[in-house]
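Presented sequentially are two complexes of chain A, the first with chain B as partner and the second with chain C.
Moving on to the complex of A and B:
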């Protein structure tokens, strides 16, 4: 047998093996798939079914096929206000995270030594190692009228009330502190992936810092900026601990209202409907933002 | 012929998966088998100092030291209630005994997840104050919703619930959202003198919000802090809590409302599908032990349900209610509360929304 024969003969064998391996590949997905179906899709389907049931104080949940829970949401201005407040707070927190996160992430990617960067990234990560509730409790100690911030401002002669606890400002501060690390870490990896030579090239062609940022870096980073923003937005829309602890009992956002209906009022059908409304709103915003940004990105990059 | 990697892997993977499945199954089954062998009681209770005192004065000396093994499921009552109700379909209960207040107990009974009690198996039940008794609930400790005020800053406290509506208390009153339905009851009392006129009381709550501008706290710990740092000077809460805060060093006094305090009763139920019902009965009887109850009352500052609990005169005077106060006390119409509580919660949220 010549070498040429072997090559000719082995080629289909290799191809066959590859096909065989490829046909097995979907099996690699099966653990994740089973997990997603059993732990996400099935409970979601159940919740969807619950949301169409009827609530009765004596029976709690009566099997039915009614849209009354959704109608209740759309006919009651209180719940719509809660949804709009949730959307507003989430968008505002995300924008603040973006504005605050981009410079930090860019600085980390471009202007720090490897060791320094590792230390700084670790510092940014440290808050994530502490539970959200614990961090938010610390914010309560800082923000309240007789708290750390008030004492600090007192050193400079400020004695008025801060009025930060139980307000939307307080909740935004709390949310930004929770979300900022996610934004910085996502953006940092995006900036890292952008070839430094591109900026040097732009610079050598006479572009200033702002032009480089606007024309080169930001367009390239746009998909990453989108990913970070969507991540923050989703987390903010579904935030529970921050609105409950810093917002207090009179500040209503969607996730605490869902919890209240399910656990306190035992009104599972309405709670499930609220959960679906929240999910739908988050989904619409996520897809909407992605579509707009990608459209713009295409134009930008052309 | 050289074997491909997946071919070598396959038998190994199968045996690994098999082993994992066995492991998972035994992990699920084992605790139940072990629990069945010992005299185990699974107790669903609030956490924190409530549970610490339960363990210290009752569970440890009366049960654990006598060979029972107690497993705790600690949490706030909404979660614990929801758990029991959602387990109804599979006809099992993850807890044998559930600590709960009397109105939640009614709701659980109506959902048929707690059992009617065989009182013959709870000998101590006979000594419970008559007004507290119920066929499915073991009343344990009780208190009343009273007016708690800062002694330094309030010289002439409101003497009744009705006097809280006086605009002179504007900005000085603190409430907790946990007790929302007690406040709805309070308005019902002020409006019509009974506990079933919440609809007539609603305009009064709106008036209170508009004129007295009460500060609403999420939990009693925050209300306590509010009283301490001067955010509010008057609170409407359980007498036992007022006494606890005073014991913590706050300069507070208690005013029993002249229109009669709304009662709050804490106790326990036996789960209908309890896996260890016999041990559960032993637990319920131990709860009512007169000595344990006296110690618990002295520590928690809640009044004991067992009339045989031996309190020193000093402690009784501090924590218990006088005969007259007890006679004036208002008890909830549980069915009325259970039918409306979901609506009230919604109404309350909307009325107080920022």
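Moving on to the complex of A and C:
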């Protein structure tokens, strides 16, 4: 049999095998799918159900169908304050990240050579995966009253107290350093995709740099600005290490009190309700940011 | 146009702002590495002298040493599990055109989207309920950590391997098969070399993200069963000395080395 015969004969078989394999493909992902459903989505659904149960100090959790845990959250000024503090700190950190992230991302996209950019990106990305405990401990070293910043200011004769540890300013500083790398890489990939001929064209028509940024670059980068802001908001809303270590035990944000209620107080119904209030608040803010950005986009495109 | 114009004031402004911001991101790590070598018993700047004593002390503290090895073990096992689960799933996602493909992709990515503190709490409650029913201890044992870390690794694995698989033309595999190569030969000689960068990047990301996990671990560690991040957190609640610097330096070196290796295979900025 010649090679040509073989090819001709095997063609229908190859096609048949191809269809058979295609139809078998979905089965390949069932182990991963079952794993995620059984070990993440089911536990989440269970916790959502538990948030409607009743908590009894003696029996812990009593099966019920009540909104009392959510009502407790919205009627207690302590928890209201925790939620608003979390929201306020998250929004502030995200705005700072946006303002500081745009120039860096633009610089990386437009003013750096390939090697230089690779090195700078590594410098930005390594801290991102260093772990929040280690990064926050580094900020404790800086913000402490006997730390780096105090010693540095001491060189200029400032000997007063810094008062940055255990304050919201300290927490925002810590959070911004956690979130900035995410903002920079998200924005950078969008700036990279914008054709710089557009900027050159605007420039040759006499537009100054700030005008070009405002009228050309930023409107085109809006999807990235949206994605980066949403990412920062989600991470800030759910931050644990920064509020616990820099904020201290009296600085309450949502994530630490979720942990406290579920694992320490063993009040699962209320802890579960807190977790879902946190998720819902994050979702509402995400939708809010999208609406603001889209509104802006409409105005810009008119 | 910009790149050639070194005296451009706009360029100068961008360089200044960017270096300041990058300094803000990087300098804290520089300081904590520096601090790990201070000889002072009580932390002060500038240091009185330098020593390696803190590294020895960190090694002597059972919490840190055991925590390091536990984190290593748990992260390695979980990376292997996310590989075993993620590789076939990536094939299906990259090659298959079937109804519900996008929904399935969303489900596989969901561990990345659910905040760690929420999924950690859900796992904790779920594992304790299983324990009440069957007396099998999951929360506070290796099993719980392995499940949690496999959830962390899976989306990274699927995302990075799927991206690299889209680059493989299936007709090359068909050609090899029609020339008589068995399925294993096709996989090892054709598919594997092409998706190797994605596999390496996926594995390293799965490993690093499991190793540095805090929120899920918080719920799932137990007595004599504490990961490095939790050991660090517990230590920081009471003490702040250069031992922290020593452990942090080791962790920074480990992560930096793994990321530089990853960057060699897949552009890091594309991984996110």
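Keep this in mind: the second predicted complex is superposed on the first by the 260 of 302 C-alpha atoms of A that agree within 3 Å, B and C clash if a C-alpha of one lies under 4 Å from a C-alpha of the other, contacts with A are read in each partner's own complex, and residues count from 1 in each chain.
Just so we're on the same page, a contact is a pair of C-beta atoms (placed from the backbone, for glycine too) under 8 Å apart; a residue touches a chain by one contact, two chains touch by 3 or more.
Computed from a prediction, not measured in an experiment: that's the story for all the values here.
Bringing the complexes onto one copy of chain A puts chain B in a clash with chain C.
Touch criterion met: A:146 reaches chain B and chain C at once.
Of the two partner chains, chain B is the only one touched by A:252; chain C is not. Contacts of A:60 after superposition on the shared chain: chain B is touched, whereas chain C is not. Shared-chain residue A:214: touches no atom of chain B or chain C.
When the shared chain is aligned, chain C comes close enough to touch A:110, but chain B does not.
A simple residue count on chain A separates chain B from chain C, and the partner touching more is C. Touch criterion not met for A:49: it reaches neither chain B nor chain C. By the touch criterion defined above, A:126 lies against chain C but remains apart from chain B after alignment on the C-alpha atoms of chain A.
Of the two partner chains placed around the shared chain by superposition, chain C is the only one that A:186 touches, whereas chain B remains out of contact.
Contacts of A:296 after superposition: neither chain B nor chain C is touched. Once both structures are laid onto chain A, the chain C stretch out of 112-120, 220-228 or 256-264 that overlaps chain B is 220-228. Overlaid on A, the two complexes show chain B and chain C touching the same residues of chain A, namely 17, 146, 244-245, 262-263. Across the complex, chain A is touched by residues 4, 6, 78-79, 81-82, 85, 107, 110-111, 177, 216-218, 229, 231, 338-343, 345-346, 349-350, 352-354 of chain B. Chain A meets chain B in the complex at residues 17, 21, 24, 55, 57-58, 60, 78, 81, 145-146, 166-167, 244-245, 248-252, 257, 260, 262-267. On the chain C side of its complex with chain A, the touching residues are 1-3, 10-11, 13-15, 17-18, 21-22, 24-26, 28-29, 31-32, 35, 43-46, 84-86, 88-89, 91-93, 95-98, 104, 107-108, 110-111, 114-126, 129, 147, 150-151, 154, 158, 174, 177-178, 208-209, 211-212, 214-215, 218-219, 229, 232-233, 236-237, 240, 244-245, 247-248, 251-252, 255-256, 259-260, 263, 268-270, 272.
Residues of chain A that touch chain C in their complex: 7, 10, 14, 17-18, 22, 25-29, 31-33, 35-37, 39-44, 46-47, 50, 100-101, 103-104, 106-108, 110-111, 113, 118, 120-127, 129-135, 137-142, 144, 146-148, 150-152, 176-177, 180-182, 184-186, 188-189, 196, 200, 203, 209, 234, 237-238, 240-241, 244-245, 255, 258-259, 262-263, 268, 271-272, 275-276, 278-279, 282.
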